[in-house]
Structure formats: structure tokens, C-alpha cells
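Below, subunit A partners subunit B and then partners subunit C, in two separate complexes.
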Partner chain A sequence: MSFILYAIMIGILDGGIYALMACGLTLVFGVMEVINVAQGSLVILGAYMSYVLASTLHLNLYLGLLITMPATFLLGMAIEWAFLRRLRVDRIALSILVTYGVSLAIEGGLGMIFGDTYVALPAPSGTFTLFGYATPDIKLYVFLMACAFLAGLYVLLYRTTFGAALRATVQNRTAAQLIGINVERISTLTFALGAALAAAGGMAFGATRSFHPGSAEDLISRLLVIIVLGGFGSLGGALVGALLFLVVEDMVSVLISPIWGPVVFFAGLILILLVRPQGLFGQLEARRQ
Partner chain B sequence: MTDGAGARRWDRAGIGLLLLAALAFPLVFTNAAITTYAIFTLMWVAIASAWNILSGFSGYVSLGHAAFYGIGGYALALMAESWHLTTGGYATFAYIPLAGFIAAVFALPIGWIALRTRKHSFVVITIAFIFLLQLLAFNLQGITAGSTGLPLPTPPWTGAFFNVPFYYATLVLAVAAVGVAAWVRRSKFGLGLLAIRDDEDRALGFGVPTGVYKLAAFVLSAFFIGMAGALDGYFSSYVYPQFAFNPQTDITMAAMSFFGGLGSVAGPIVGAVVLEPVQQLLSVNYADLALVVFGLVLLAVIVFLPAGVVPTLSAWARQRAARSAPTGETGAPAEALAPIRGVGESS
Partner chain C sequence: MAMRGIPGTVRGWGAWAATAAVASLLLGGGAVGAARVRHASQPPIIIGLSSSLTGDFSADGKANVQGYRLWAAYVNAHGGLLGRKVVLKILNDNSDPSQVITDYQSLINQYHANLLFGPFSTLLNPPAASVARRYGYMLIEGNGGGPSVFAQHNAYLFDVSSPTQNQLVAFAQWLTSLPKSERPKTAAYATYQDPFTQPQIDLCRKMLQAAGIKTVSYQVFPDETTDFTPIALKIVHSKAQVVVVGSLINLAAAMVNTFRQQHYNPEVLSFTAGPDQGSQWLQVVGGAKMTEGIMVEISWTPFLDTYQNALLDHLYTSTYGGSPESMSSDVAETFSVGQVLQQAVEATHSINNATLRAYIENPHHVFQTVQGPVHYIAGGWGQSSAPAYIGQWQNGKLVFVYPPFISKGAKPEFPKPNWP
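Now for the complex of A and B:
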């Protein structure tokens, strides 16, 4: 029995990391109606940046975020300014291709620099006991870090003027523009924020498992499924979706077989969308028009 | 490909010449490396044209049609296994439409489920399907043999001739896919799909059976892509989950259609003919560089030629024609782009 509880706990710990990575994706969609397929690559890029800082400068992983997050923030601003802002027609379809182009360029660039071998971040090796199973300390630490970032994001969105402007843009872009919100600036900052959160998620991801440039593809499919399950643009949905995804995956992995974990999830997504095409917390898309 | 003022006859002549050139190609170029490029280019012409029937015409961008490519390959492999076809031959090509049919049968429920959602959810659901099917191909070891993959009939041809039957089979597939796409573009069915792209609710209001049309386009494109998957499987004589159900395949077919011009018949052809040799050339030796180059090409096209190569060039040609004969229509670019691109953006 305790191994089921253990699987649930591990699912929650991993789910926190996925929630951190997914919330950037869902925010960007909510504000810009852009599906950022590059989010997975940005996560892996963040992980590699942390890897370089930790292995060459021997910088503490958490302090390293002070460099990697501003760097990816600027990169996010640049991507939005250079490519996404120019999309006027067919935003949804073209944004997928543009961000996919960015994703390929990042993935290929990482491959050229680091090669295709798996690496892991140098994490402290302590363990603690969870329902009788030894668990690496780092899993708990990065989970707490993810919670801290999510709490910070909550404060930013619900307690600041910027947050109010951002939420207004999500609700109705045109109306937000009419009342004087600079939606272009909000879009740039949101995309940059999503990229910075991806870098934090990348550190958490890389500290708890090994990765290589191709990890981005597996990651983005999971993140997309999470935000569809939660409902596009819904932050709470992304949190619930991430926790649900990883708890279910870990349970199935323990009870049946690790190879069936992801299958059950993709199949579950399809079943849920049969009943609720808008996802668990999403609004009906017809309403958006 | 001069799309300009009433040059229908020139179009016909151009198509005829292109077909002749395509037929003569393996007689002129006997080098196996070059005919391999040609086979893959034609295969991608078929795939991108078929993808365009659904995603280009109706605006429902599917990033999961590689699932049908994989199903086609596995269908042929499983047929070969159960009917004990170990050595291939010309007869094996006859099974390829059957493999496409099986892919289309799978497309029916998948499309029905996926098409319950609208644009962006649809994109992600199709992504979920490709990953689901890839995982199933890995996991259902009793049927698919998991990651060891399945063998297909071994073609009996040797040497430089090996590629020739495959070349002509792929040419037939490409011509069929383009022909069907051109027919759809001109039919009432195609008009309905374009109406769905521009404003689905209004199309429904005008009496377009949107549900049936979308599903029909979904299944039709799956049929051709399934055949391409089977043909590729036969050509490479093995199917593996990670190559048969490859998300990269999805992006490539979308990128080719966007490059050439989404929703036009010539667009996907141009996209495949330009991009596939580049991809082949680079990915053999420089896989990582190929990703970077492919990504940058994609970015450049979308930023500089957002409507794709074919519509931009034909708008440019029309503008020139209008300038030399000032009585004609002016302001051609906007006019040429509007019916090709979705106008639903303004909502």
C-alpha cells in the first residue's frame, strides 16, 4: 500500500515542476493566442545554461538562476519582437510554425555544442525517507522552489497593476487596448516571463533527471497535453493538469508497468475532451470570438 | 505555374511538360543517390498535398497526420506477415492502396474525436494522437514487436534498377494526391472547406455540412498519407515505431505546405521540391545543423513571405501584368492574398 502513496507523492513532486513549465505556456496562450512550441526547447536551454554555470563556474544551482532567468527573459523578448509580433494573419497556425522553427534552431544549436549524450546537473546527493522509500532531497527542494515561483507568479498576476493589465488582455484583447493598456508591451513581457519560467523549470528538470537536446520534444508534448487538459489560458487548469498528469502516470507506472504510464494519460486526455472539448477549466471557444 | 491572367493553356502545357520530365527522370539520372532524392521528394509532394486537403483548405492544422503514415507502414508490414509475403515484387505495390485504406479506417474515429474541438485544441489533440500511437507501437509488442520493428517484403530488384519501380510507384502516388487536391480545390466540397476556414459558424449557417466535410477531408488526407507511409516502409523494408510515428514528419509536411503556400494546389509541391532535397542533403551528415537550417528557413519564410512562395510570386506576377496593362485590376497583392489566407483573423 505504501508504494501507492509513494507513487502519488512522487507524482505531486514532479507535477510541481511540470506546473512551473506549463504555466508559462498557458499564460502566453491566454495573452497572445500563440501556442509556444518552443517552450520545451527553452526549458532544455535553461537546463543547459544551468549546467554550464554549475560545471565551469561551480555556481550554486539556485544562484545560477539569477543569470539564466534574465538571459532567457531577454531571449523571450527578442523572439516575440522578431517573429511573433509580425504575425498578422493565421496567428494560431503560423505561431506554431514560428515557435517550432525557434525550437528546432535551439535544439540543433544545443546538439552542435553539447552533442547528443545525456547530462545531469550536479545535484547534492542527500536523501530522505518517504513512506519507507529513499528519495533524493533535490526532488523536494526543486518542488519547493517551483511552489515559490508559482506563488510569486500569483502575486504578480493578482496583486500588481501589471498583473491586472495582463489579465485584462487575456479576457478581451480589444477591450484592453481600448482602455489604454499597451497590449503589445504586455505580450512581449508575457512571452519573456514564460521563457524565464521555462529556465527555472529547466533547472528543476535537469536537477532531477538527465536530459539531452532531444528531451525537448518529449517535454513539449506533455506540456501541451497538460494545458489542453486544464483548458487553454487557465493557470489553475495548468496546475491541476500537471499534478493530475504526473500522479496518474506514476500510479500506472507502479501498478501496471512504466511503459503504460504516458499512454493512459494521452488516452485520458482524449476521453476528457470527448466530454468537455474546452478542457477541465477552459471556456467554450465559441465564446472567444 | 504562371497563375496570371487567363493563362489556362500555358498551365496545361506546363503540367504536361512537368509530367514528361518526371517520367523521363530515372532514364536520364541513373545514379541511385539521385533517384533516392527524387523518390523522397515525390513522396513528400504526395504527403504535403494530401495534408493540404485538410489543413490548407479547412484551416484545421493537423500535427498528427504522421500517425497515418505510421499506420500505413505497419498495415503493410502486418499484411505481409499474415499473408506470408516475404519476397516483394511488383505485386506488392497493389497492397499499398489497401494499407492506405486501413489508415483511412483508423482516421474515421480519430478524426471524429479530434474534430469535436476547434482550432488550437484541435492542433494539440492531433499531437496527442501521434504520441499515443507511437507509444502503442512501442508497447503492443505482441502485434508490433515493439522497438525491434517489423520487416516488410524484400524487393527483388538489385543495383541501380532497385530505385526505378519505387520511383514510378511514388510518381503515381504523387500525381494522384495532387490530382485529388486539385479536384477538391475546384469542387463544391473544396469551396465548403474554404468557407469553413474563413468562418465556420457562418458556413454552417449557409448550409455547408461542416461536420461531414471536415471529417471527409481528414480521412481523405489520411488515405494518401497512409499510402505514402506504406510505400516508404516497403522502400526501406523495415518499420520502427520512432520513424514510422515521427512527430518531425508532421512538422515537415506542415512546413512544406506553408513554405509553398497553404491552401493552393501548387504550394505544397513547391515546398516539397525545395525543402526535401535540402533536408535530405543536410540530415545525412549534419543532423544538428540540419535542424538549425530548417528552423531558420521556416522563420525566414514566415517573416518575409507569410503567404508562402507561390501566392506571393503569383501576386507579384499579377501586379506586373496590371502595371503593363493599366486597365486591369490594381492593388493585386491584397486581392490575391485575401481569398487564400483566412479572413477570419479580423474577428
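Now for the complex of A and C:
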């Protein structure tokens, strides 16, 4: 029994990290109607930036975020300005193509600089006991960090003027423009915020497993599944989607077989989408917020 | 294939001997001079090949071409084949099976290739070999050893490298050779659902079960899996004495880290890939102490004491720079393709495909390659006897421990020491 409880807890701890990585993706869609398939690459870029700072400057991983998050924030602004702002028609479909190109460019650049070899961030090696099993401290630390970022994001969205403008844009882009909200500026800042959160997620991802430039490919498919389940544009949906995904996958892996983990999850996802095509907390929920 | 610590003396002498041989051939003999005269007067031998210079397999595809080019350059520097210069005609298949078919048709019909070499991967060699068979050409390749390649029953295809499925055979032979009183009783297996690793694990499991080693955990998981903790935990829970994992480096590292955290110490821990990655492996597991006693299956490294392997190290570093450790095993595998062809051509004095095919498929004809001696297995549809070896981390170095002809006295460390 303790083995199963432990698997659930591991799913929750990892789910927090995935929620952090996915929240930028869902915010960007909510505000901009852009499916940012470069989010996985931005996560891995963030992981590599943390790796460089930790291995060359011996900077603490958490302190390193003070550099990596602003840097990816600026990169996000540049990407939005250079590629996404210009998309006027068929925005969703074209955004997939454009951000896929950005993703390939990032992956290719990382490959040229770092090669196609796996690296791991120098995380502390201590453990604590959970249901009788040793658990790496770092899993708990990065989970708490992810929770802190998600809480901060919640405050930003629901307790600030910027958040109100952002939510207004999510609800109705045209109406937001009519009441004087600078929608383009909000879009730029949202995309940049998503990129900065990806950098934080990248640190958490890289601290708990090894990665290489191609890791983004597996990652983005999982992140997209999470926000489809949670509902495009919903922050709470990203959190619940991530936790459900990881817990179900881990539970099925230990109880039945790892090969059935994704199968069971996707079967559940299809059933949910048949009942709620907008996902668990889709647009309707986001608009009500 | 970065690997350190294999005794360097033999390799050093090998390199000197190879250099001396190259020098004597370049400076000396009338035979070479005569060959050069023929070289100039006869048309070149065109060897056609397609490789994945772009697309999913581009990294391996480029290495695939490097091996062929190194071989061709070496052969041409020594008078060519039968006194004729070797010219490689290389097309790009973009990692696409449809393009491979077009490429090999073009190589035969448009470029009038005399002989064909294979592309990269288990995916692309079967369509290439089908085209070759249709036109009566043989196809020698080194980078496609999955079961699906041989399942085609194409008698025109020859894979120079160790068949994928056999990579763990040496490991299973070693375990089953232990006295029954010492032999472990239980084993756990985990593998990607992958045409490369799963057949190895399944064959190994079958061999160990036949020797009385009970399977207590068998897990297959999708390629897309990124969270390996539940898989590792299930193995921990099984308390197996032997753990065999069909892996890549990230999976192998995750397993080691979880096993160590859970204080789970199997007597034997073996991976199909990962611990062979030298400094990269040490980085992801946290140093040499963490890897003591871990085994990995290896079909080739730059330090293997095999025919012309030291020469290949020299050719690679002088042509592409870097160190031998930076050389991909793909390079050695395609260099071996050239070696087999060369030995067959020299033995038959022919570049006729039917003649060469008859010579190569004869299981009594042994070819010396950088991967070791190989012959083709009767009824094996192109499977070679190329061996795979067991490497084990001992005192911070990866050493060969089995079979005895390659281990040079080194013994497997058994049982594996506990985690530090």
C-alpha cells in the first residue's frame, strides 16, 4: 500500500513541475490565441541556461533564476514582436507553424553549442523519507518552488491592474481594445511571462532528470496534453491537468505496466473531451474568472 | 562512444604499426607504383550509397558517411581496389524510406554504380536492400541490425555489425556460465518499446530463464516516457538480484539514481547503453564512484584491439580532428563495411556482384574488421557473427570483462559493490 501511496506522491511532485511548465502555454493561448509549440524548447533553453550558470559560475540554481528568467522574458518579447504580432489571419494555425520554426531554431542552436549529449543540473543529493521510500530533496524543493511561482502568478492575474487587463483580453480581445487596453502590449508581456516561467520550469525539469536539446520534443507533447485536459487558457486547468496526468500515469505504471500508463490516461482524456470538449476548466471557466 | 581506460599499450603499438605500414606503402614498393599506373588508366569503381544527411537521423547519417569516406580515402591511398580508384557517389535520403528507394534506383540507373553500400538505420536499410535485390546488386551495410532487417529474407543484404538482438548474448552467456551455487536466482527487466532494445532484452530473458533465473519483473514502456521513477521503483520492489535494462543514457542515469536513493543493491546491473558514454555518463550519474560494477554491452570502442582499429582512430583524428573518443560507433560500423568488401574483392579479384555475394555469404569466409572477426551465418539472411562484449566500470574505468579473448585477464566484478 505504501508503494502505491508513494507513487501517487511522486506523481503530485512531478505534476507541480509540469504545471509550472504548462501554465505559460495556457496563458499565451488564452490571451493571444497562439499555440506556442516552442514552449518545450524554451523550457530546455532555460534548463541549459541554468546549467551554464551552475557549471561555469557555480551559481546556486535558485539564484540563477534571477538571470535566466529575465533573459528568457526578453527573448519572449523578441519572439512575440518578430514573429507572432504579424499574424493577423488564421492565427491559431499559423502560430503553430511559426512557433514550430522557433522551436527548431532553439533546438538547433542548443545542439550546435552543447552537442547532442545528456547533461544534468548539479542538484543537492539529500533525501527524505516518504511512505518508507527515500525521496530526493530536490523533488520537494522544486515542487515548492513551482507552487510559489503558481501562487505568484495567481496574485499577478487576480490582484493587479495588469492581471485585470490580461483577464479582460482573455475574455474578449475586441472589447478589451474598445475599453482602452493595449492588447498588443498585453500580448507581448504575456508571451514574455510564459517564456520566463518556462525558464523556471526548465530549472526544475533539469534538476530532477537529465536532458539534451531533443528533450523538448517529448516535453511539448505532454504539455499540450495537459492544457487540453485542463482547458486552453485556464491556469487552474493546467495545474489540475498536470497533476492528473502524472498521478494517473505513475499509478498505472506501478499497478499494471508502464506501457498502459499513457493508454489509460488518453482513454480518460477522450472520455472527458466527449463530455466537455473545452476541457475540465476550458474557456467558459476562464471567462467566468 | 567515449570510453576510457582500456589498456593503451596495445593500441599505441597498433597505431605505430599502422603508421609504419602506411608509410612503407606510400614510400616504397613497385607494386604500389604499378597499381597507381593502373589507377590512372582504368575507370574508377563507383560505389553508390544513400545516407541521412538531413532529417531525424542526420547526426548518425553524417557519421555513417564519415566511415565510408575514411575507408575509401585509405583504400585509394593504397592503390584502390584491384588497382582502380574508388569513387563514392553519395545521395541524401532525408531520413525518409521513400527517398531511399528513389536514391538507390538513381544510383543504379543514373549513376551506374558498380557496388552499393547501405544507408543508416534499421528503418532505411530494408527498402534500400529491396531495390538492390531487384537489380541483382548486393547491399553491404553496417548501421541497420534490427530484427526487421533480417525478417525480409533478402539474400542480397549483408550487415557487418552485431545483430541488435544478440547484443546481450555475451552477458547471458557469462551469467549462465557461473556455477549454479553462485548464480543469481531472480532477474528484473525493463526496456523501451523499441525495435532496437526490446529484442535484446527478450532474448536475454529467454536465455536466463532457461538457465533457471526467474523473472520477477518485466516492464516495457513507451519511447516517449520521461519519468522513469515508477519503473525504477517497481524493480526496487521486486528485489531482483539481476537487473537488465534496455536503455538510453537518461534512463540508465535515472535508474542508477533511484536505486541508490532507495539503497537497492542488485548483484548485477547491466544496461544496453548509457554507461558506455564515458564522461557524459559520469556527469549524469555524479562521478566514477556511482558507477562501480555497472555493466554495459559494447560492440565497438576506439580502444578495442581489433584489426585496423588503431588505424581507424588515426585516420579519424587526422581527418576530422578531435579524439578517438569523439568518434561515433556508426563510423566504425561503416568502415567495417568497406573492410569486408575490400577483402572479398581481393579474394575473388572481381567486382561482380554475384561473385562477391557468393563469396561473402559463405560462412567459412571470415572477414577481419575493426569490430572483430565476422562471418555470415548460414540461413541468417545477412546476419553476421560480429560479437558484442561486456564492459564494466571498475575503479573509475570502463574495462572489457567478457568474453575472455577480449578481456585480457580482467574479470567481471561480481557481485556489484553496494552504492557508496
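The rule is short, and it goes like this: the second predicted complex is superposed on the first by the 282 of 289 C-alpha atoms of A that agree within 3 Å, B and C clash if a C-alpha of one lies under 4 Å from a C-alpha of the other, contacts with A are read in each partner's own complex, and residues count from 1 in each chain.
We adopt the following convention: a contact is a pair of C-beta atoms (placed from the backbone, for glycine too) under 8 Å apart; a residue touches a chain by one contact, two chains touch by 3 or more.
For clarity, every value in this text was computed on a predicted model and none was experimentally measured.
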Subunit A as common anchor, with subunit B and subunit C clashing or fitting: clash
Touching partner for A:28 - first (subunit B), second (subunit C), both, neither: neither
Touching partner for A:42 - first (subunit B), second (subunit C), both, neither: neither
Partner chain(s) touched by A:221 [first = subunit B, second = subunit C, both, neither]: both
Contacts of A:87 with subunit B and subunit C, given as first, second, both or neither: first
Which of subunit B and subunit C A:259 touches, first, second, both or neither: both
Contacts of A:270 with subunit B and subunit C, given as first, second, both or neither: first
Touch count on subunit A, higher of subunit B and subunit C: B
Which of subunit B and subunit C A:125 touches, first, second, both or neither: second
Partner chain(s) touched by A:61 [first = subunit B, second = subunit C, both, neither]: neither
Candidates 127-135, 163-171, 289-297 or 307-315 of subunit C: the single one with C-alpha clashes against subunit B: 127-135
Overlap of the subunit B and subunit C footprints on subunit A, listed as residue numbers: 221, 259, 262
Contact footprint of subunit C on subunit A as seen in their complex: 3, 6-7, 10, 14, 116-120, 125, 127, 133-136, 209-212, 215, 218-219, 221-222, 246, 249-250, 253-254, 257-259, 261-262
Subunit A residues touching subunit B - in the complex, by the definition given at the top: 29, 33, 35, 82-83, 86-94, 96-98, 100-109, 111-112, 213, 217, 221, 224-225, 227-228, 232, 259-260, 262-263, 266-267, 269-270, 273-274, 277-279, 285-286, 289
Subunit B residues within the subunit A interface of the complex: 55, 59, 61, 63, 113, 116-121, 123-125, 127-129, 131-132, 135-136, 138-139, 201, 247, 251, 254-255, 258, 262, 287-299, 302-303, 306-307, 337, 341-342, 345, 347
Contact set on subunit C toward subunit A in their complex: 59, 193, 219-222, 224-231, 233-234, 237, 249-250, 253-254, 257, 261-263, 277, 280, 283-284, 286
